[in-house]
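Okay, got some structures for you below.
What follows is chain A paired twice: with chain B in the first complex and chain C in the second.
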Partner chain A sequence: MPVAQTGSDRIWKRRDRRTQLTVWAVQLSCLMVFVYCWSLVSDKTIWEFVYDAPHQAGDMASRMVPPAWDYMDQLWVAIWDTINIATLGTMMAVVLAFPIAFLAARNTTPSVVFVRPIALFIIVSSRSINSLLWALMLVTIIGPGVLAGVLAIGFRSIGFCAKLLYEAIEEIDTTQVEAVTATGASGPQVLHYGIVPQILPAFAGISVFRWDINIRESTVLGLVGAGGIGLQLNASINNVAWTQVSLILLVILGTVIVSEWVSAKVRHAII
Partner chain B sequence: MGTNMNTSVHRTWKKPPFIQSPLLRWGLVVGAAIYIALAFGTMDVNWSRVADGIPRGQRFVSAFFPPDFVSRAGDILDGILESLWITIISTVAGIAISIPVGLGAARNLSPRPVYLASRAVLAISRTFPEIIIALFAVKLFGFGPFAGFIALSIGTLGFYGKLLAEDIEDMDPSQAEAVKATGAGWFQWLNYAVQPQVMPRMIGLGMYRLDINFRESAVVGIVGGGGIGATLLTSFDRYEFDSAAAILLIIIGIVMAVEYSSSYIRKWVQ
Partner chain C sequence: MLRLTDLVKQYKTGDKALKNVNLEVPDGQVMALIGPSGAGKSTLIRCVNRLVEPTSGKIHLNDLELTTLGQGSLRRTRRRMGMIFQEYALVERLTVMENVLSGRLGYVPFWRSYFRKFPQADVNEAFRLLERVGLDHMVDKRADELSGGQRQRVGICRALIQNPELLLVDEPTASLDPKTSRQIMRLIRELCEERKLSAIINIHDVLLAQMFAERIVGLQLGEIVYDGPPDGLTPDVLTQIYGEEDWEATIEKVDDEDELGDDTPPQQQAATSN
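== the complex of A and B ==
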């Protein structure tokens, strides 16, 4: 227990001198890094705009009310597209992630040296690139539209689903697999009867969880032209139609809340 | 166990289905089939444009072998550094704001009105994707890294504040009571009873958020919020796929480095 001695008094301290100095040194260096980065960003900022921002925000807010409710007629198709992008993208991702997860899991991969690194590389590169960046690439390559959105969501989600799934596969109960193997089952039969039933609940949970995230992400893909409600948002902002913008924001808010509710209900039912 | 009883003595075992109720099982299958048919039926795809894209896609893939790090090296370096600054300051600032809000949003710490107000702040900042916040920040603060900084700080606030509040609500009350019993003031109580209990997990989550913020800082540039996203957008617009490939590889590399170091620090702290 660290104790400070002043004369005859012994006072309890939280840390001894060495630890305390280390803590201060770490805090000081973090502060210095922060201040340095801040000064760099500050150099690139036009502070007049920032000072003017509260005024601008008030102005923008006053132009946003009331929301243009009659614009809703044109939004239904966009909402449908957004949900489709998220749902079809998630479906594509789980279908592709399923085999990749088996190739990546240490206990089911056909080869730890050759196949596993490839599967892990697919997972890492899919996860590192944000769905908006995938959408940007796909729009450049196959043109704007819902298809680019579906593929972007799909490519981004493969890594996420496969990673969680292969971790679930690595944590399965091996005694069940052994029992199935002992009956003389072949490799695919062991997979079908011994492993898949154990990971199906996790698989369903992961899919619903990712679907919920994808709904949120598919609302913004339109900013780069990949379909969905983001397209309308971008158009309304460019046309400075602020009453339409506020309606779109409300619609996004509603969609996100509903999808979160659905996903929580389904996951609750599974687990 | 699902057994299939025949009239003869012949009995075969059948694997029990994942969903027990046949009505729900077949209902889900039929519903999914109808939905997929509808979704594909209403999807508007310009197939000739997609076909045009195939050679462009091949060019893009071949641009990775080898990628061109050199000809736009200055722009790429500027963009990456800017992304890193944004990541660091928005993580620090976001966590700094989320501490008071998170304390306010912990049910066992704050009075009811403060609790409700803080929870409302967290809910609002969590709902919208960072990129939409960035879009508005660019409108308000002008183009550049400051807008990205604001957007990511708000995102960090929603994420970190909520988790901090939940962690404080889950803390061990007996330790807190013991410190209170010594006659500690409110700040002393916070510093000696609450903080040590939540600190290890919060440092871990801070590292995790740093990781998320870097990924996000790569996209806020698409709407004008500074960072590598803007450089990437430009290279796509100019069809300079080999530079774009280089940027993507750098992003993947940094994300991996940040992810590994953050998981290392998290293990070390806990």
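== the complex of A and C ==
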């Protein structure tokens, strides 16, 4: 009913009356939910602590400067471990995610009824567990160290990479696949000539993007004993050595900036 | 010789794309299949190489019945039928050479195609074909760098390197400008004559169909409503195929046009078309 006749003109409105009222009702209920949640949070907050926050923050900041620069000697190895955890974990994830994505994609899976649900289950379970939780479990199972970190990053990233990749596979141009099929090519040949070239840019982009995320994630894995710079961070916090903590935070910041720069460069080169 | 007998295709939605089509294409004949969108032209040629599975009916390529073939023999039979597509359907991120050689995939084992180790005879043939269509200087270009006409030439090479007996051509000129359309149609026609190929060419452009095909079949709602020579397409026949329209201008003066002058060398075309 957005068009109504008034005299000689036909009036056009974006929404009719009923739709407009619905839109307003939805907006109003969203606002009410927000206000209600706000009051809940407010009731459970000890406001005296919050009023004190600027003072506390200032106090902590003053204890953090100047960063303990000479502590850097011990950080080089830790940051190297961190980068290795991220890189090896990503490589492991990418290698495993590639076949899983083909099993999960609707247009390439050997069986929609049996294989696809299994592949999707692997993807979901890998994604639903945070890498810190993976690390926690793996440290218990295989003991503390870099290997636990690599596996934690790897397990968490399989789902991420496979999900994005299978979505890319489902969006390919089917006529190119048809054309390769029409030449009499076999199944693996159709996959290799018709599908893989189309998803290769997505594949490379996803891998680099995940590596970039993993650099950040691997900096905290040490908190649960899975190696890397997080170990030092944990130790410094426990020793209330705030000048060391600030140096570690600076090093993490620097590493993340470098990794973002590298991944941006690589993605630019591929696409 | 290709023979379709009582070919029926019914899609899952219930639409009957082909209703008891009977058609015979003798060796060496270039046949144009015309008809409005949705008449079943694409379905018909896709049934022949079974990219679309026919619902019932028989398809014979010489003495071989195609509708009952198993996977392996279907693949071996597909090698005998080259297909050329509307939007070229080249693998965009592969090079011209890789695209042409992909026409040999049915003949080489997986590991050879994986490492791009095609037999030298295939590579020689690829070079020869690319030279024939005027693209031998573009071997290493990626397919997505080419113009429409150049891509369709690569598509033609890919179909011909299969060494087919039959060409299935689906709207080869639908995305090309009028001049390139004519060049492509002439090329297909010439190559069919050189190699004694038969061809089914789906085409929207009635004029092009008349110019380059020896026989025209009109399809309407899955049924053949015209089968005859190009000059038999009278306004009445076109009305029967497509519906009421003023057809006089469409079928005017087909054979008087001077066709020989406008074949631009491909190099020059490459320079202007990017």
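Quick note on the criterion: the second predicted complex is superposed on the first by the 217 of 271 C-alpha atoms of A that agree within 3 Å, B and C clash if a C-alpha of one lies under 4 Å from a C-alpha of the other, contacts with A are read in each partner's own complex, and residues count from 1 in each chain.
Everything that follows uses one rule, which is that a contact is a pair of C-beta atoms (placed from the backbone, for glycine too) under 8 Å apart; a residue touches a chain by one contact, two chains touch by 3 or more.
All values reported here derive from a predicted model rather than from experimental measurement.
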item: Between chain B and chain C, more extensive residue contact with chain A; value: B
item: Contacts of A:200 with chain B and chain C, given as first, second, both or neither; value: both
item: Contacts of A:188 with chain B and chain C, given as first, second, both or neither; value: second
item: A:233 touches, of chain B and chain C: first, second, both or neither?; value: first
item: Which superposed partner A:171 touches (first chain B, second chain C, both, neither); value: neither
item: Partner chain(s) touched by A:14 [first = chain B, second = chain C, both, neither]; value: first
item: Chain B versus chain C as contact partner of A:70, first or second or both or neither; value: neither
item: Which of chain B and chain C A:147 touches, first, second, both or neither; value: first
item: Chain A residues contacted in one complex by chain B, in the other by chain C; value: 192-193, 197, 200
item: Interfacial residue positions of chain B with respect to chain A in the complex; value: 15, 18, 35-36, 39-40, 42-46, 49-50, 52-53, 56-57, 60, 81-82, 84-86, 88-89, 92, 127-129, 131-132, 135-136, 139-142, 144-146, 149, 192, 215-216, 218-219, 222-223, 226, 229, 232-233, 236, 239, 244, 248, 251-252, 255-256
item: Contacting residues of chain A [partner chain C, same complex]; value: 173, 175-176, 178-186, 188-189, 192-194, 197-198, 200-201
item: Residue ranges of chain C in contact with chain A within the complex; value: 49, 51, 75-79, 81, 83, 85-87, 89-94, 98, 102-107, 110, 113-114, 155, 158, 162, 168
item: In the complex with chain B, residue positions of chain A that touch it; value: 14, 30, 33-34, 37-38, 40-41, 44-46, 49-50, 53, 56-57, 60, 80, 84, 87-88, 91, 124-125, 127-130, 132-133, 136-137, 140-143, 145-147, 150, 192-193, 197, 200, 204, 216-217, 219-220, 223-224, 233, 237, 249, 252-253, 256-257
